[in-house]
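Common to both upcoming complexes is chain A, partnered first by chain B, then by chain C.
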Partner chain A sequence: MAFDHNRRPRAVVIGAGVNGLAAAATLAARGVDVTVVERGRGPGGMMTGAGQGELGHFVWNLHPAALAELGLGAADLGLGAEVATVLLAADGRHVVIEGEAISFADGTPHPDAAAYRALRARLARFAAVLAPLATAAPPRLGSGMLNRAGLSDLAQLARTGLGLRRLPRDARREFLRVLLSNAADLVRDELPDGPLAASLVFDAILGGRAAPGAPGTVLALLWRHAGGGRRRPAGGMAALARRIAGAAEARGVTIRYDATAAGIEVEGDRVRGLRLGSGEVIAAEMVLSSLGAMPTLRLAGPAHFDAEACRRIRGLRCEGTTARLDLRLAEMPRIEGLDGRLAGARLLLAPSVAAIEAACRPVKYGAIPASPVAEVLIEPGDGGAEGPAHLSALVQHVPYAPECGWTEAAREALAAAVIGALGTHMPGLPGLVTESRLATPRDIETMTGAPGGHWHHAELAADQMLTLRPVNGMARYASSLPGLWFCGAGAHPGGDITGLPGRNAALAAAADLGQGVTR
Partner chain B sequence: MSRSDHFDAIVAGGGHNGLTAACYMARAGMRVLVVEKNDWLGGAAVSRELHAGWTYSNCSYVCSLLRPEVVRDLDLPQHGLQVIPYTGGATFTRDGDYFAYHSDHRALEREIARLSPRDVEGYERFSIAVMRQCRFIRPLLLRTPPDPVAPRPRDVAELVYLLRRFHDLGPRETGEAMRFWTASVGDYLDGFIENPLIKAHLAGSGIIGTGLGVYSPGTAYVLLHHYMGDVDGAVGAWGFARGGMGAVSGALARAFRAAGGEVVTCSGVERILVENGRVTGVALANGDTYRAPVVASGMDVKRTFLGHVEAQHLPDDFLKAVRRFKIRGSSGKINIALDAMPRFPAAPEDASFLSGDLHVSESLAELERAYDDWSVGRWSAEPYVDMLIPSRIDPTMAPPGKHMMTVFVQYAPYDPERDGRRDPAHWDEAARTAFADAVLDRIERVSPGFRDLVLHAEVRTPVDLEREVGLTEGNIFQGELTFDQLLFNRPVPGYADYRTPVKGLYLVGSSAHPGGGVMAAPGANAAREILRDARRLDRTERAFRAA
Partner chain C sequence: MNRIARETVSPRPRVPSREGLADTPFEPRLRALSTAEDWMDWSGCLSPRALGAVETEYFAIRNQATLFDVSPMHKYRVTGPDAERVVNRLVTRDVARLAPGRVAYVLWCDEDGMVIDDGTLFRLGPQDFRLCCQERQFAWLHDIAWGFDVAIADETGDVAGLALQGPTSHAVLEAAGLALPDLRPFGIAEPEPGLVISRTGFSGDLGYELWLRPEGALALWDRLWVAGADLGLRAIGFAALDIARIEAGFIMAGAEFQPIHRALRPSRGRTPFELGLGHLVDPGKPHFNGRRALLREAARTPRRQLVMLDIEGTKDASGALVYHRGRREAGHATSAVWAPTAKRNIAFAELDARAARSAGLRAEIYTLKEGRWERTMASATVIDRGVFRPPRARATPPGRF
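Our next item is the complex of A and B:
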């Protein structure tokens, strides 16, 4: 390629979410001159609603490989201890999971604890087999494997295969059986339906549209279980985002906020730079976009992609299903038997697998669920444990575009459904609410630009994973337009606060520049 | 024929797969006995006269999947099998519109253009993509799945064969194949076609017999399962077996008897006898015992091992895997004797597509709702119906001027919900009537006066299918066709090669690869493995090659 080798190669990264920042730091560490442009006021993307507060709750898989590129250690993140999970049960016998200990709220041991631990252990072992796949571009399959570039893929596959071979034979068979199966059956084969079973199934469906019985949900569950326990960053997601942004800047990355990417400059079928909303053009050899595939395509202009690629990108399923409800409360709510254990815990409002299944149905018809399931976090306000408190709920499955539209009534109906369901466990809750704010998937799209407001930028289902992510033919981060790369949650291995898509994409881009060695 | 009770092999269950395996073994010179609990053969591939003068294909009703290799090997045409293709089909909407499918390319193009000009090109792409997947999978149907976990030399060769096929596909097409195998039929169709009615027509094949909805991942594969057959070499085409689907079993039974095979009906296998980990024979419900070193079970994997083999002979892990095998019933059927040809006012009088598969549907959302009903234990209020009138093409099915209609219904639960409880016993007379009404009313809406033509109707719920055919929970495929139960995972990981933990006991029914449908592939594949173990392969190869 005809680059001027007397100056540093330049890259622009679109978006200062976790992946944009991880990508930027990875490139900067390899001598690339990187500018990040971010439309929002602050860093964090979906973690923070693009600097407007907070969308996410916990961190469980901020990956060491991405942190290494940022020059951060796990200790630098200000993450708290692993939080306890409290499962709210329909019959009031709530379950508390603290590490390996599983008991009812009153301290009596849970009869299914051993079966639950065994299943979790099995999932963790399987997740470990898949783990090597997450830290590199998805392997090329088919004839690509046999040329020279394919050798590293073979090596990666071999590592995965090796992980598989380390499992005992029966576990290997089980792995190949469950890989594409559904979470509901997997869990119910081992546990009776109830809050404990539901808590695992919830992990499989959080952020996506698939119902628990949909084949492929086990794969989603395994990605999730590749990380560790859930932790809450000190100061919330905004503080964590600032730490990550600071680390990127320390690597020499320039971050420009309130800077909206308006178009990708192309010349002679190659990316030449990025045009901002202000009209300013930043010249660069490469643009890495952490936006979804569709907004990225729009920035470049569909004319630079062939018809098949456009069709595939347009066909991506990316309507979000997660809403966030924030409530300011006059005081900490109470749940009998759980006093003192609510603050900061991960509360799951998902009493059974059947309840999750029921909560998944209305979204298919653009309806608002009457009994949604949710992950809830309650934190005391500045006034201490007795003072005002803040409750937030990540609510599933909420339609992106309800049949009735997101009218005020529709918004109120959803908030009321969540408050009502929580109220059965926290008497008096409705009376404590002093302020309520709802972010629907559509609002989240407006806030962050994520297509459909989708947690993963595009549904993380088997037909949109690995070599099919974001779409078949562009799964190794390089788009079909030379110099344009996908580096966000829409690329492999998908969303959650991991930093992996960004880090993997930047490694691929750097290798393309021939900068992979100048560390 | 001698009545001695010693055989070289006993086939437990005279379904079409059991009969297929029996034929291959008999042709290889083994002395084979087929034991069938009913007083007729064929299992879910039968023709029965349940109303005087009418022949019902009372389970399976159309033919396409039957492997041409088996038809040839076993000389089924000489034994009376004739398959008559039909060339069209249609989906009617409530408001009087319809989409007609034609196997004639030009006619189909015109029809698609009538509804949605933009979909002509999309359909073209769709059919090319599906045909490509068909071409990929068809050769796998008559091969024993390799064991990827503990491969023996034969498995290694088979794995290499598979890898080579992927390699030949190239990366892009490998990706497309992966997408196809994991996508839902709804999402897949959304990528090609815009018109909701055309989509609804095409999506039906993705849910037939399946406890999944049009938007459940994996249903694109089920669609493939219905496209990968052929009639006279026309891939994807379907036809009627002349005389009903019993003609398939009938031809197999004649071929079997011609090769010297023996049959016992009217008494089922009570117990598969095992000594020291080896099968020794079967004990029948009527008290008779037959001995053989080989027993081939044509029953599904659950019925075989949970019903007829004592648990002490089976490893715990295996039993556990059999117990969790998913075999949910989701289909019902109504077979109807009609006084005259029903009218479909939307269609041109005497349109040829009326001789094919007819449906009542509006959209994928409606099909998804039908699935949602089932998943909470109700039959679909607006069910998907696949109805055919074989008597239009095959006059043997009904008296002159009268007609026979077969209506396949998706979805119907095995254990309907009532008062928060699910129980097969909830299929009482009232429930059956209400179920039939839901179906007949739906047909009446696109065919006014239909109900007045009904002379007799046989209503079949999943419970009936279980009771009569032995299909556990009434699952028509002897086990769901999801990826965790396909290829090397079917029916139990590690036992996909038709063998079981009991030496000499084989699975030859649709619970084994490649699964359900009147395909005869599991039976043929299993026979090959049995004969290999019996060291009669050279003779089998001759049997397989027999013209």
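Our next item is the complex of A and C:
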């Protein structure tokens, strides 16, 4: 297709989540006329449940490269200080992690603090080896590398290789040993089982379906937790999403809310635009979809994809197991053994690695966990609609489709299990609950369109990462249909609030436009 | 004659017993006619490589009429509102242009444009197709059909197939009360309820294929057998048909190309262009499997080219290496035979694309002569495919012989 240089190229981005917005801003900064269509009422996608509230609690790996495309600095985000983590212990001796300081809540030093810090430092060093891989499309392997376009891939691989070479020999051997191993064994090799060991394992499994003993959970841990500590955006995730959307608009991006993508217009084996639910067609040279791979395929229609591509996308593992429980409370609950200073801390309800493993088991049988593990945040209300206090819990390993179905009884059972487990630390909690709202993985799918309600649109596992993300043959953001790009969490480097998939995809798409050729 | 018998029968060992092999619906008749007891495994079915002498069977194809049991062929039925879209998504030709009641020779490719298999596609109705092929395709058809409104059935065991090939084949049909004078090549007719006859075949001569439920198989055989008594009708095995198909220039899966789903080495895949079947790829139709890869392939010179060689002398060039300008190895013969009717020594050969367009080819043929291998360097020339293409194969109405 000859490229008309007198007219600005047009792109449509599906979804106003962090990745959609990062993609839109990246393209807009390169002279592309970008429209973002968002089904929900507001921005944020998975961050906010498509503008309906929020799903995640914290931000920890929002990437500077993506922020730069949005014209934002870390200071513009209103992220506040790093949040302390409190590990709720069954015996009441809660552990507090504040940056590098690790102690019991009563101030006494923790005996495993040094071992924990050493392990974290080792993981951080390993994560730094992988980090260069996240900021560009995964390298193309094979013959494509030995041409001019492949040079940058070669350089990127070389950087990763160099990072690995720079590790001392023992560390290098250790890196390769643990890379595909499991988080539970890695942590238990260094630490006695308890809340401190469990906190690292929890990071490895939050948002995914893999259990702590599953191979590859170390890779997920290194991949996702290379960044700094967790921060809570002022005003919650919705406020952060609004700031990011505002930055994209300042770049000249048009965002249309309440606009459902109904189909991708294809003519002559090339994307020509996006059809909305209203029937309106937005003409565009390219469509960047931040939806999961399967919803994107369905928007274009399987007729435009080879059977192998359809089969790979059908085979993607994307069953979400994270639920969110929101409780409105009559007053701030008191946590036994913890002073009020830590009210806004990140509370981890995961007393041991063994407890996490037990909590992961029922999902395999489509059952609701009786003793779930969870990340909990309690915030004082603003006195308005939110009431005096608000507790939210990210509950791990909740089935997408329980055997019994998501009946009212099943929902109540899960809420009761979480409230009951928290109640041992917060006496009187059940009596404080004035309203309870549960978002199961299925609800999250309904709200956001994320396949399976999965945080990352597709499980972050070794066989669904790097050159295999979302699927083999489409890992460099281009789907096989010319003009259709993947720019969401399902693409490399994956989920969490990083903005990188969107930014990387937009760079790839812009480079393709710049060449003025039909791929 | 003995030479042909010795050299064309495949060196694969005989099936020592029939254990594990399924009987086809025609098995009782084949069994009774077999004097050679030379059986082979065709897709898990007991199938004759030869019933008697291969040369007698071959000459029956060219001069009389022959019956060959094609029931082991895999047969799939694709029906439903999206049937045309699904089949068009599968194959490289434009199926929209195939009218009901017609058959097309088709190929289908994987996402890299490598041939998965070839076969014959029967359009039995606007939304009703039957695909006949060598390789199992049930799972692949489901992959292709995912997201479309069709039903796919494996009717391999539900449809018996009988190939009636040779110049007197229409005369046999006529004598059996099944005359189809108006049926053109690649046409389908249903002269009697439940009996479908297509004017198709693998011999390159006048011929028909008859399709029916297995229950009626033996009655049909007997009916044709009686009708063909004075017309030289003979039952044959695969070896004779293999000579005829090379002579006619028809490629075969597993010989001229390795079906990509069966190949362990990805480099063994071949595109339709490399097989000399580029004319069966229609880039103008909507997306089909492998289309983008095939467009890229079409734009560049193929790596290799399947050609037919005319080889000096009479020695069978099976497996021969082919050299270009002296000692440079340029490829090898995939199937070779002394073509008895065309009286030429021919071979399908896969050559480097450059060698395929130039002169100076030589085939290195090894012949085992009473315990000693003899090596012959025979000059070879690329010729048009199909050294036996008689006009009688296409005449409508068919001539009387």
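Operating definition for what follows: the second predicted complex is superposed on the first by the 505 of 519 C-alpha atoms of A that agree within 3 Å, B and C clash if a C-alpha of one lies under 4 Å from a C-alpha of the other, contacts with A are read in each partner's own complex, and residues count from 1 in each chain.
Everything below uses one rule, namely that a residue touches a chain if its C-beta (ideal position, glycine included) is under 8 Å from a C-beta of that chain, and two chains touch if they have at least 3 such contacts.
Source: prediction; values computed, not measured.
Asker: If you stack the two complexes on chain A, which partner ends up touching A:A68: first (chain B), second (chain C), both, or neither?
Answerer: So A:A68 meets neither chain B nor chain C here.
Asker: Return first, second, both or neither, reflecting whether A:G473 touches chain B, chain C, both chains, or no partner chain.
Answerer: In the superposition, A:G473 contacts both chain B and chain C.
Asker: Looking at A:A115 after the superposition, I want to know if it touches chain B, chain C, both of them or none. Which is it: first, second, both, neither?
Answerer: Neither partner.
Asker: What is the contact status of A:R311 with respect to chain B (first) and chain C (second): first, second, both, or neither?
Answerer: both
Asker: Which holds for A:E357: it touches chain B only (first), chain C only (second), both, or neither?
Answerer: first
Asker: Is the number of chain A residues in contact higher for chain B or for chain C?
Answerer: B
Asker: Examine A:A511 and indicate which partner it touches, taking first as chain B and second as chain C; both and neither are also allowed.
Answerer: A:A511: touches no partner chain.
Asker: With the two structures laid over each other on chain A, which partner does A:V281 touch: chain B (first), chain C (second), both, or neither?
Answerer: Neither chain B nor chain C is touched by A:V281.
Asker: Looking at the overlay, what does A:P302 touch: chain B (first), chain C (second), both, or neither?
Answerer: Only chain C is touched by A:P302; chain B is not.
Asker: Return the residues of chain A at which the contacts from chain B and from chain C coincide.
Answerer: Dual-contact residues (chain A): 311, 473.
Asker: Within their complex, state which residues of chain A touch chain B.
Answerer: For chain A paired with chain B, touching residues are 140-146, 169-170, 172-174, 176-182, 185, 189, 210-211, 213-216, 311-312, 315, 317, 357-358, 361, 364-365, 461-463, 466-468, 472-473, 475.
Asker: Can you list the chain A residues touching chain C in their complex?
Answerer: Those in contact with chain C are residues 269, 298, 301-311, 314, 473, 480.
Asker: Using the touch rule from the top, collect the residues of chain C that touch chain A in their complex.
Answerer: My answer: residues 85, 89, 110-111, 140, 143-144, 146-148, 286-287, 289-292.
Asker: Contact residues on chain B for chain A in the complex?
Answerer: 148-150, 166-176, 178-179, 182-184, 187, 190-191, 212, 215-218, 317, 324, 326, 365, 368-369, 372, 375-376, 482-484, 488-489, 493-494
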